[in-house]
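You will see subunit A twice below: alongside subunit B first, and alongside subunit C after that.
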Partner chain A sequence: MAKHELDCMFEACPIPLLKALKKLNTMEIGEILIMRTDHNCSIVNVVEWAKKQGHYIDYIELGEGQWEIYIEKAK
Partner chain B sequence: MKSSRIEELKRQRQTEIQPKKSQLPYLFFPVLAFFALYYYFFNTDKTYSIIWIVGILIGITMQRSRFCFVASFRDPIMIGNTSLFRAVIIGLIIATVGFGIFQYKAVGNIPNYSIDDIPGQIFPVGLNTIIGALLFGIGMVIAGGCASGTLIRIGEGHIMQVVVLLGFVIGTTLGAGHFGFWEKLFIFSSKTIYMPQYMGFLPAVTVQLAVLGILYLLAGWYDKKNNIMKL
Partner chain C sequence: MDFKDRLLKKPWPYWMGGIILGFLNIFLLFGTGAAWKITTSFLYLGIGFLNKLGINTGSWYYFKTYGTGLGEGETYFNNGLMIMAIAMILGSLISVLLASEFRFKKIKDRKQLIFALLGGIIMGYGTRLSFGCNIGAYFSAIPSLSLHGWVFGIFMFVGAWIGSKILFRYML
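Moving on to the complex of A and B:
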């Protein structure tokens, strides 16, 4: 299954969310988006948004202040 | 609900990650700076030493809770999430009660008190408030942080926010320098409205709490109902 990577390092607050939205729009159901960000607000707003939309989402911390978010498009 | 494929990916990634370097030794320098400044304030001006500690505590609270005034006003519109917006309302409710008590103690027993004697930031309300709020709102969403948010993010190591702070310093300096001009143009003609002067302390606090309570309930309803950014 295809995996898409999205680099959102050093982006200001709502940009990671907007980038994720645009990317998810072009993806097929069941594909996974891997987002990399250094913005802790993204952890909150991307995760809440994706949950509200009904996608599968989880994240891990790669290093101090660096996260990877995984979103599986569900619908 | 969990996805098995995401779990699989997480497990795989976790094995690839190098163990984190501890940043704890760096804590020594801020702690040293904290005590040095506290010692300095304590010997020069005791008020500053109290403000210094309160400020540090506010900073820690805001950083840990990711409290963000930008997100509180932006997220309801962008992602239909009002949790931070409701946090701001709760903050205003607490401030209403607290300032109500302080201000009543200061001027409650004095008939025909003047607004200058009241503790707190009571300023003229008018067109200047609306224009200023609109400009600040546009600016803070583009910059990705209000004043406190910008400072928190600089502390977290975001270089972009340093540029924002630079703009902040330039803007505030220009604003302070031209304040007389704006005051004559707009602010002087605007009226300073202090509700307790018209209806007494208890009714004013009650009305404000009722309005905030209604806003809180509306925000909760909006959160459940709305999801503007759909795929």
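Moving on to the complex of A and C:
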């Protein structure tokens, strides 16, 4: 299964969310998007948005104030 | 996830933040008689440094016409808004330390630097035309039943909508 990576480090709202939206549009169903961010708003608004869109989403905190978000495109 | 984590690490719901901000706004207005503003403190910093460099901003049309809004006995570096700005930065620092999420953020690349500077200049210029940012001209204005807060609010949403279209189409 294809994986896509998106580097959103040092970027603030709404850049990570818009980047994810744009990237997901180009992806096939079932593919995974991995986002890396240090912006704590992203683990709220990206997660809320992806859930609302019906995608599968999860995230982990890699270290203090740094996260990896995983989105599987569902439709 | 225990209570401490929920309190310190998870963002509070919007409605709770709204209620707390509403009460703080009332206390601030009641206690100090002044509304909360942010960008005006940047203005004071800017003209404070310009005056130190020997540039007389007092002769500029903008300040001659509208004044600086400083209270009696206040200076560009020592005034109520500056204390609020410093307190806000300290408060943010405390909350991010409590959440163990403190990090130094780097500049990603030259493009980010240029767009940030350009955006900052446009926003700063805009706040002087509208006498405030989304705090001074919106958050502080609407509860004071001032019409200009609503006008500011409508055009802020128009601007944010256009801005996100431009961002999405041309910059990402």
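Worth a mention:
Criterion: the second predicted complex is superposed on the first by the 75 of 75 C-alpha atoms of A that agree within 3 Å, B and C clash if a C-alpha of one lies under 4 Å from a C-alpha of the other, contacts with A are read in each partner's own complex, and residues count from 1 in each chain.
Everything below uses one rule, namely that a residue touches a chain if its C-beta (ideal position, glycine included) is under 8 Å from a C-beta of that chain, and two chains touch if they have at least 3 such contacts.
Since the structure is predicted, the reported quantities are computational estimates derived from the model, not experimental observations.
Once chain A of one complex is fitted onto chain A of the other, the partner contacts of A:E64 extend to both subunit B and subunit C. Of the two partner chains placed by the overlay, only subunit C lies in contact with A:K22; subunit B stays clear of it.
By the touch criterion defined above, A:N40 reaches both subunit B and subunit C. Touch criterion met: A:F10 reaches subunit B and subunit C at once.
By the touch criterion stated above, A:E72 is placed in contact with subunit B alone, subunit C being left untouched. Shared interface residues of subunit A, touching subunit B in one complex and subunit C in the other, are 10, 14-15, 21, 38, 40-41, 44, 64-65. Contacts from subunit A toward subunit B in the complex involve residues 1, 3, 10, 12-15, 17, 21, 24-25, 32, 34, 38-41, 44-45, 48-49, 52-53, 56-58, 60, 62-65, 68, 70, 72, 74. The residues of subunit C lying in touch with subunit A in their complex are 11, 96, 99-103, 105-108, 112, 164, 167-168, 172.
By the touch criterion given at the top, residues 1-3, 5-7, 9-10, 13-14, 17-18, 20-21, 23, 66, 68, 70-71, 74-75, 78-81, 83, 141, 143-145, 156-160, 227, 229-231 of subunit B touch subunit A in their complex. Put simply, subunit A touches subunit C in their complex at residues 9-11, 14-15, 18-19, 21-22, 38, 40-41, 44, 64-66.
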